[in-house]
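The structure follows.
Labels run A, B and C following the written order; every chain starts at residue 1.
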Amino acid sequence: MAIIERPADTTTTVAPVEEAAPVTATSSYGYLRRPVESTGWRSWAFTVDHKKIGIMYGVVAMFFFIVGGLEAGLIRLQLAGPEGTVLSADKYNQMFTMHATTMVFLFVMPMAAAFANYFIPLQIGARDVAFPRMNALSFWVFLFGGIFLNTSWFLGGAADGGWFMYAPNSDVPFSPTNGVDFWALGLQITGIASLVGAINLITTVLNMRAPGMSLMKMPIFTWMAFVTQMLLLFAIPVITVALFLLMFQRSYDATFFSVEAGADPLLWQHLFWIFGHPEVYIIVLPSFGIVSEVLPVFSKKPLFGYTFVVFSGAAIGFVGWGVWAHHMFASGLGPVSVAVFSVAPLAIDVIFGGAVLGLFAGMYYWWPKVFGKTLSESWGKWNFWLMIIGMNLTFGPMHIIGLQGQPRRMYQWTENRAGEGFFNLGMWNLVATIGTFVLIVGVALFFINAIWIHRRQPVAPLDPWDARTLEWLTTNPPKPHNFDRTPTVHALDEVFHRKYEDVGEGDSHEYVQRSTLDELVLEEEAQADAHIHLPAPSYWPIVLAFGLPIMAYGVIYTTWLIVLGAAIVVAALFGWALEPADAEDADFDPPAAGGESTSKELANV
Amino acid sequence: MRDAMTTTSVESVNSLSTRLRSAKVAAVAGLGVLLAGCAQNAAQDTFAPEGENAERIDGLTRLVFSIAGVVGVITFSLIGWTVWRYRDRGQPIPEQSEGRKSLEIGLTILPALILVGVAVPTVQTLSALNKTSDTECVVNVTGQQWWWEFDYPVQPGCLPGGITEPIVTSGQMVIPADTNVLIRGTSRDVIHSFWIPKLNGKRDMVPGRVHTLRMQANQPGIYAGQCAEFCGLSHANMRMEVVALSDAGFQTWVDNQLEAYTPPEEGTLAAEGEQTFIANCSRCHQVNGILDTNGTPIVSRPDTQVYPGAAPNLTNLMTRNTFAGAMWDLIDDQRREEVWEASPEEFDELYLAGVEDEWLNAVRLRAWLRNSPAEKAMYADPTQLEPTDGRYRGMPYLALSEDQIDQLIAYLLERK
Amino acid sequence: MFTTGSKFLIGAAVISLVATLVYGIGQGGVMGTIGLTSATVARAGLAALNLFLRDSNVFADDAQLDTSSAAQHAPGASVWPLAFAVGAIVVTVGLVTFQPIVIIGLVLVLAAGAEWAVQAWSERASGTVAHNASVRSKLSNPLEYPIGSAIAIGIVVYGFSRVMLWLSKTNTVIAFGVLASIVLAIAFVFAARRNVGKGVIGGALGAGAVAIIVAGFVTGIDGERDIPVFETTALWQSEAILHPEEFAEGTEKGKHPAGLICESPEEFPEADEDASQTVGNKSNTVNVTLGADDTLTYRVPGPTASVGIEVPTFARSNATNVIFFNRSDEHRRLSVSLGTEEVEVDGETVTAPNQLCTTLIEPGAEQLITVIARQPSFAFDDGFFFFVPGVDDARLELVVP
């Protein structure tokens, strides 16, 4: 939806002759148009509004969370008892590979992107991101890439080499089905989404902050998300290179990882972990940011050591590049492996605890902002406790199992290696499985809370948590243009300082409320900008995104599909470049302040 | 506005800081240390070291876990106390302090110091583990989907008289006890990892490279391990054991391995088994010294049948007590318990007795011979071998009759 | 009377007829003749239809057609119909003769068709020719320029590559140098004279491009020079075994020494001459050293030096990296004899020696060789051994159990 101005009635290029059809800015060549719908599925499919895109990212990410959770459930069922028969060895290998790939690339990263997309512009006082169509492109590329990756289940088997896909096991003689090809190409596609998004958000943060918001007055979530995007910017190209090498190795007989040709399989490990270590920070930093937002609101104090926290985040971003080889201690690089590294689920526990719980915290905190209602608190408490207990019951025993000698990625364990006594491998495996199902119930409660209970909830007040940052200076949910008037920022935690004033003297402090948030928002409305120009929706991002998986299918099956997919991509690029800046007419006409519709005027752009 | 602040209890609980998640992990890990000890005789328990290297690792592990545990308990308690002490009771808005430099610097330096403190013993342990210049015996280890091959090169070490001819065996690596053995390891196909938890940490076995690792067992005994780097279908079933014998026991073992081949007596079931073996098995499995009807030594050509180019050497199969990549025991449960639970003084004799008919795990061995791909997930479908140039990864289905299996078992029992 | 459209169709029919006659009489293929005849008939039929219906000719006497913008002015001359026709014929010819040509024809048909359609569509945009032209170029130029230049540059580069492959090795260096100097000289001239017109520069570039394309065409037809492929000792070894006659010819002509390279102490061209003397990084190799006393010794460096292993024992089918140290006074190579193997030579199965060797290295140098023994050494009477051709005492047994 956009507040659209009707363009001036002049033609652009040549002085027309009588029958000349003027080429106006609204309809290039008579066929390139902008979509105009503001309701219905088309308003979602062609949107460039960062808020809609954020919601779509979130919904799809939660869908993949369920998919990954089902995969985890099957894994744990298989390992609940000795020599399980739920999954064959082959299916188990596919299951754990896809579980990890789905959780990392199709759940956590997009969920963080959802928050970043929705809240970075709001937190910095902008109306949208720097490149709205690229933003839409990121989402659709991610969605189609994720779907493409999962079609492998139905097309000969999913990838089965582990989410780290070490060479030479990833090569054709050892992974003969197309699964690994789907994995490599699917991640290549979703990598495009992440990289494009990173460029977009970095530009947004650096260029579109509200007047007065210096970098050190930015909310901490924006800071952490910004560091994350910088990490993505440099890490994704590395995995892109690795995936290209793998794709050429498998599909076009290259010898990058062929030992017979003199290659060193450790090349893949180095490339993967140079990406892989920054990747774990990419996963966890947004959640650090969310928790650092939530804690101050409920402690009613600013973040302690904000400067330190910002610099720590940036330091993580820098220093994290130098430590990738700690994923390779046993690889024979030099010094020795330590037995503790068989306790591998440590990493998963940290991801789950750190990242996932942080994301859920963000959802409960920002739900009223996005959807206008709070989630039910009682259901939320059940959700939280079951998840915490389930998480510890699932991953805690895995530490013990590892220390007792069961390595990872084993499709079965046997009775005679399980040790004696009650607390043996068998018992811990069973506990971990039970924990998984407790966790699943906990997550299910979240969905019940979000989908059904949500409907019965009353409309939330404008300021349910007495918040501190700029995104709350809008309605719930925010209007399409976010802020009626671009705010001028004077301090960190701007909204808090607008609400409260310190009337104490000297060392004593007394905070008195000067305004409620409702009053502040009304005041903003009264001072609304007369002319607000929003980016218009576009067909081309989704069309372009559609061409990419077709090309990927072409790499696997037939080169003609590559040609077809490339043609779609090129055509979409043309459309993108040549389409008019605005739609001729939209069916939405919001009243500006003061009642009369004065929206359709030429903007001073 | 103040109404919103009454709904803080769930948020205060929700507000566990992620940076303090490590406290929870440390606490759980500490608990884990305790409880892990409760699994008695877990064959690959990392907290029951039996060799010098594993003892060093264990010492470091316990130290670090304890420090982490203490830090965790302190941190967790502080959180708990803070959350309780400063819970929302309708207090006025507190002072909006943005930090205190001394505390920020202190809380950065303190963990750094702890980590430096942990780093010192870590580095010491690492360099001690890395030392291989005091090894006296070399064993080459080669990982292959999904079994381990051990070969002993001709060398003056390991025994007073050295090893005069190469020995090739698989599944169980026999070493002299209380001796530093150097493993030179590689792989023929994908990356595997050699891990005997009670003796040392892991070392990846990478094709095209040779990695070294030092093994040392304090006393005679049998120490279980398995492949620790995901390597395909039967990664979970790729196991091995290190068997440590006293010096005398090891001498006996070597001498036995190098004894000349004695063909079975004519007319016995074993003799028929020899012919069955030659017809069905010798394509891939080498038995040193086996002759065909013309008297020429039979040379196995696994490089024509198996993609990575080798198959387990079965010359003295019944001197070891596991098979099929050490996935199963060759001995029955009762004998297994006797051998695995034997004291160091009794172990040599029990192990060197090998496998006898009375305690052979016939059911498993027969099942394996009958249809090995059905028993162990392998890449053995003859219609799907195109990606590997028509060669298998693993053992194919041989369509042996029960009689043939009887013959083979009789023959194999004599391979000692 | 003959409209543009009918002219095209008549021309196409005539060309098809000629092609049919030439092909049918010359080649005589049944299917081809049928195909070309059908094409001729179809086109002749269309031409007749076109003439009969007068091709909706806007110059027909009908005053009411004034107002349509298409009637305002005659469409300008256009090369696209011709290109389309050519493409169609290439497709037809290719279908019956040489299949890959069909692709070229199809590309031409699609490109010409697209250009034709765009041109026709843009001509209906308005009554102003200039405006229509700008509309057309705005749409098409973003594709035309990149693709066109890529094709043009590609053709020039390809032509140049054919010339380079045709000249002898030394001549390529000379030719490249001469050509580069010419380009540099002309560039200097242009730079010195300020008012050189676009036409002159375009003409010079065009002439150069044409020259290269023509030269490339001629040399491409003539064929590449003889490029023997002998960069490694393994290739020389297999050439001697698999193509013994050609190998013997080469010896007679003095191109290389006689005998198998791995049994020869002499220098073979390329493999030995241009061999890199540096050894890549490999983990934990083993060493075989030719000492000053002309004996071979084996050593496993590193921690097992104290173990003192002297007899190399390699596992079967394992790639083992061996570094050869030449500590003698002469250029030497290290060879490994791995028994014999059966090979197909001219359809017959022959037993040939299975040998690997390093290149010939100078005194004091090292070289790497990767040994993979797929059979055990006891399968052969002589077993396996390392040896140095030309040094009889240098022989080291290799055990593969």
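Just a few scattered comments:
Heads up, the rule we're going with is that a contact is a pair of C-beta atoms (placed from the backbone, for glycine too) under 8 Å apart; a residue touches a chain by one contact, two chains touch by 3 or more.
If you're wondering where the values come from, they're calculated on a predicted model, not measured in any experiment.
Put simply, the chain closest to the centre of the protein, by Cα centroids, is A. Looking at contacts between chains, the pair that accounts for the most C-beta pairs is A-B. Averaged Cα coordinates give subunit B a centre that lies 50 Å from the centre of subunit C.
Spacing of subunit A relative to subunit C, judged by their CA centroids, is 45 angstrom. Chain centres here are Cα means. That of subunit A falls 39 Å from that of subunit B. Counting only residues that touch two or more partner chains, subunit B has 207-209, 211. Within subunit A, contacts with two or more other chains are made by residues 259, 262, 332. Residue numbers of subunit C whose C-beta contacts span two or more other chains: 283, 319. Contact residues on subunit C toward subunit B in their complex (touch as defined above): 282-285, 300, 302-304, 306-313, 315-319, 321, 374-376, 378-379, 399, 401.
Contact residues on subunit A toward subunit B in their complex (touch as defined above): 88-90, 93, 161-162, 166-169, 172-174, 176, 259, 262-266, 284, 287-288, 291, 294-295, 298-308, 330-332, 334-343, 346, 349-350, 353-355, 357-358, 361, 364-365, 374, 377, 380-381, 384, 392, 396, 399-400, 402-413, 416-425, 461, 463-466, 492, 496, 500, 502, 509-511, 513, 516-517. Touching subunit A in their complex are the following residues of subunit B: 1, 3-5, 7-8, 10-19, 21-22, 24-25, 28-29, 31-33, 35-36, 38-47, 54, 57-58, 60-61, 64, 86, 88, 92-99, 103-104, 108, 126-127, 129-130, 145, 189-191, 193, 195, 197, 201-204, 206-209, 211, 224, 226-237, 307, 329, 333, 336, 377, 384, 386-388, 393. Listed in rising order, the residues of subunit B touching subunit C in the complex are 132-138, 140, 142, 149, 151, 153-157, 165-168, 182, 184, 186, 188, 207-212, 286, 288, 297, 299, 301-303, 308-310, 313.
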